[in-house]
Amino acid sequence: MSESESVRRTETIPQWKQDEVDALVDFIQGYSSVGIVGVAGIPSKQLQNMRRGLHGKAEVRMSRNTLVTRALDEVDSGYEELNEFIAGQVALIGTNDNPFGLYKQLEESKTPAPINAGEVAPNDIVIPEGDTGVDPGPFVGELQQIGASARIMDGSIKVTEDSTVLSEGEVVSEDLANVLSELGIEPKEVGLDLKSVYSEGVLFAPEELAIDVDEYRADIQSAVSAATNLSVNAVYPTTQTAPTLLGKAAGQAKALGLHAAIENEELMPELVARADAQLRALAAQIDDEEALPEELRG
Amino acid sequence: MEYVYAALILNETGEEINEDNITAVLDAAGVDVEESRVKALVAALEDVDIEEAIETAAAAPAAAPAGGS
Amino acid sequence: MEYVYAALILNETGEEINEDNITAVLDAAGVDVEESRVKALVAALEDVDIEEAIETAAAAPAAAPAGGS
Amino acid sequence: MEYVYAALILNETGEEINEDNITAVLDAAGVDVEESRVKALVAALEDVDIEEAIETAAAAPAAAPAGGS
Amino acid sequence: MEYVYAALILNETGEEINEDNITAVLDAAGVDVEESRVKALVAALEDVDIEEAIETAAAAPAAAPAGGS
Amino acid sequence: MEYVYAALILNETGEEINEDNITAVLDAAGVDVEESRVKALVAALEDVDIEEAIETAAAAPAAAPAGGS
Amino acid sequence: MEYVYAALILNETGEEINEDNITAVLDAAGVDVEESRVKALVAALEDVDIEEAIETAAAAPAAAPAGGS
C-alpha cells in the first residue's frame, strides 16, 4: 500500500496538492531571490510579528516540506539545489531585495530567548560577573554546581567573575536551565534562520552572506588613501588634494629657504630662531662654564 | 579594490550606489564583474557612512593604505 | 577625485590608463567628463609608478595636526 | 610640481591664478606647458583657500628641516 | 617666497638657477623684480643640494606631531 | 647661516645691524662676502623683532602641531 | 652669546676656531673682547663636534628652545 501511494505521488497527486505546488511555483518564480528559513522554536505570535516586519521587503511562505520540494523540483533551473536544506520546520522566503541585505535584516530581527533543558547551546553560555540580586540561600550552591564562581557578599549572591558554564554545542542540563531562568539569561537568538538563498543563479550559504561592514569601511578608507596618495604624488590636483599639494609645495619652499638660509622676510624669524637653537645646542656641549656667558650656563 | 573604487566614483558624482551602476562602471573598465560581490558591496555600504569614512581617511593619509585586494 | 578613482580601477584590472578608457569608466558612472581633466590625468600618470605612488603616504600637512592633538 | 609652484608665485604677487598667467610663468621657466594640466590645476584650486592651505603646512614642517648648513 | 618658488620651478625643469632665469620667471608672474634679491638667492643656493633640502620638508609633517608633546 | 650669525652678534653687542657692520664681521671671519646677501639680510631683518623671534620659536614648535587643526 | 656665534661663523666658513680668529670677528663687531673667555671657549670647543651639535638643534628645535633658559 505504501508502495502504491509513493507511485501515485510521483505520477498523480490530489488536485489540492497540485494547486498548492502551483502556488509555490508562482511564489518561487515571483522573486529574484528565494531562500529557506528555519522557523523552529519561534512562538507563533513572534513569527507573525516578524512576517509583518518583513512586509514589503520579503515574504515568508509556509507549506508542507514535501510540496515545497516538489515545487522546487518543478521550477528546476538551479532552485532544486535548495532541497538539501529542507528538513524540520522550515519555510520559503522570497525577496527582490539583495540577498546580503535579506540576511542582514533577518539577523537584526532576531530576539533573545530562554534556553530549555535538553537543547544544544548555540554559543558559549556565560554568566556575567556581578550582583545576582538574589538573597543569600541555596541559590549560591546551585550556581557553584553549574560551574559559576559565586559567593555571598554584602547580603546578596554575587558572581565574582564572568563564568562560562557551558560550551557551544553542549546540551543544557536541567540545573543549568533553572539557574539561567532564575537569572533571566536568554542565551538563544530566535528568529527566521536563513539556511540558504538561491539568487539569480547563485546559491549562497549564510556564512557567505554575512558581511563584515567594518571591513568595507576600512576598504573605503584604503581606497581614499590610495587616491589621495596617487593624486599628490603624481601631482594631479583635485579639489580634495589641492590644499595638500599647495601645502607640500610651500613646505618644500620653506625647507629649501631654511636649509640654504635664504634671507627674506618670511624666513627671517625662523632663521634667527634656528641660529639661537644652534647656539644653545652647541653651548650645551661645552663643559667649561668659563667659556660661556651667564645666560648659557647650565 | 576596483569594486570599492567604483562605489566611490558614484559617491562623488552623486549617483546612487546600486548594483546596476556599479556593474556599469566596472564593465566599462573591462572588469569581469562578479554579481555576488556587487550585491555584497551594495548591502554593506548601506550601513557605512561613506562621507565619514572618507573624511577619516583624508585626515590621516599618513597611514598607508592597508593591503587592499 | 573621481578621475583618480577611474585610473585606479584601470590599474587594478590591468587595462591601459589612457584617455579612452578613463572616459569610458567615468561615462558609465554618469560623469559629465571633461576632456582636459582626463588628458591632464593621463599626462600626470605617464611617468609615475602607480603602485609606489599609492603606497607612499602623501606628505599631508593637514594630517600632522590631527596626529599631534 | 612646477605647476603648483607657479600658482603659489601668482598667489604671492596677488595676480589672478588663471590659465594664462600660469602658462606665462611656466613658459618663462622653459617648461613645455601642457594646457590640460594647467586647466586641471586652475579647476582644482577654484574653491581652495590658498593662504589657509599654506599656513596649515607651515605650522607643521617648522620643526623638521634637518642638517642645516 | 616667490623668489624661492621661482628657483624650485627651474630646479624641476632642469634649467639653470641663475639671475636671468629667475628674473624671467618672476617677470612673467608680474613681480617687480629686485635685482639684489635675485643675486642673493642665486648666491644662497649656490652649493645647495635642492633635492635633498626639499626632502627634509617631506619628512617633516610626520616628525612634527611627535615633537609637539 | 653665517650671515644670520653675524647679525645676531651685532644684536647682542647692541651695534646697528647694517650692511657695513655685517660686512665687517664676516670679513673678519674670512667670508667672501656677497653684498646682495647682506642687503637681503638687512632688509629682511628690518621688520623682525629678534628677541621676539627667538622667544616665539621657543614657544612655537611645541604649539604648532596642536594649533593647526 | 656673541663668543659662541663667532665660533659658529668660523665653523661655517671653515676657518680655524682659534683665539686670533674669534677675537678678530668680535673686534669687528665692536665687542670689548675678554681674552680669558676666548681662551676658555677655544679650549672647550676642542673636544666638541660642532656639526653634530648643530644638527641636533635642527632636528629637534621643539625640544631645544624649551630646555634653554
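Here the chain labels run A, B, C, D, E, F and G in written order, and each chain numbers its own residues starting at 1.
The working rule: a residue touches a chain if its C-beta (ideal position, glycine included) is under 8 Å from a C-beta of that chain, and two chains touch if they have at least 3 such contacts.
Everything quoted here is computed from the prediction, not taken from an experiment.
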Just grab the chain with the largest centre-to-centre distance to subunit E, centres being mean Cα coordinates.
A
Furthest chain, CA centroid comparison against subunit F
A
With centres defined as the mean C-alpha position, give me the subunit D-subunit G separation in Å.
39
Chain centre separation in whole Å, for subunit E relative to subunit D (CA means):
12
Using CA atom averages as chain centres, what separation in Å is found between subunit A and subunit D?
46
If a residue has to touch 2 or more other chains to count, which residues of subunit F qualify?
1, 5, 8, 37, 40, 54, 57-58, 60-62, 64-68
Which parts of subunit A, given as residue numbers and ranges, touch two or more other chains?
223, 225-229, 232, 235-236, 238-241, 243-244, 247-255, 259-264, 267, 270, 273-279
Which bits of subunit C are touching subunit D when the two form their complex?
34-41, 43-44, 61-62, 64-65
Subunit G residues touching subunit F in their complex are 1-2, 5-6, 8-10, 12-13, 15, 21, 24-31, 61-62, 65-66, 68
Subunit A residues within the subunit F interface of the complex
261-265, 267-279
In the complex, subunit A residues that touch subunit G
273-288, 290-293, 295-296
Inside the complex, what are the residues of subunit F that reach subunit A?
1, 3-5, 7-8, 37, 40-41, 43-45, 47-48, 50, 52-54, 56-58, 60
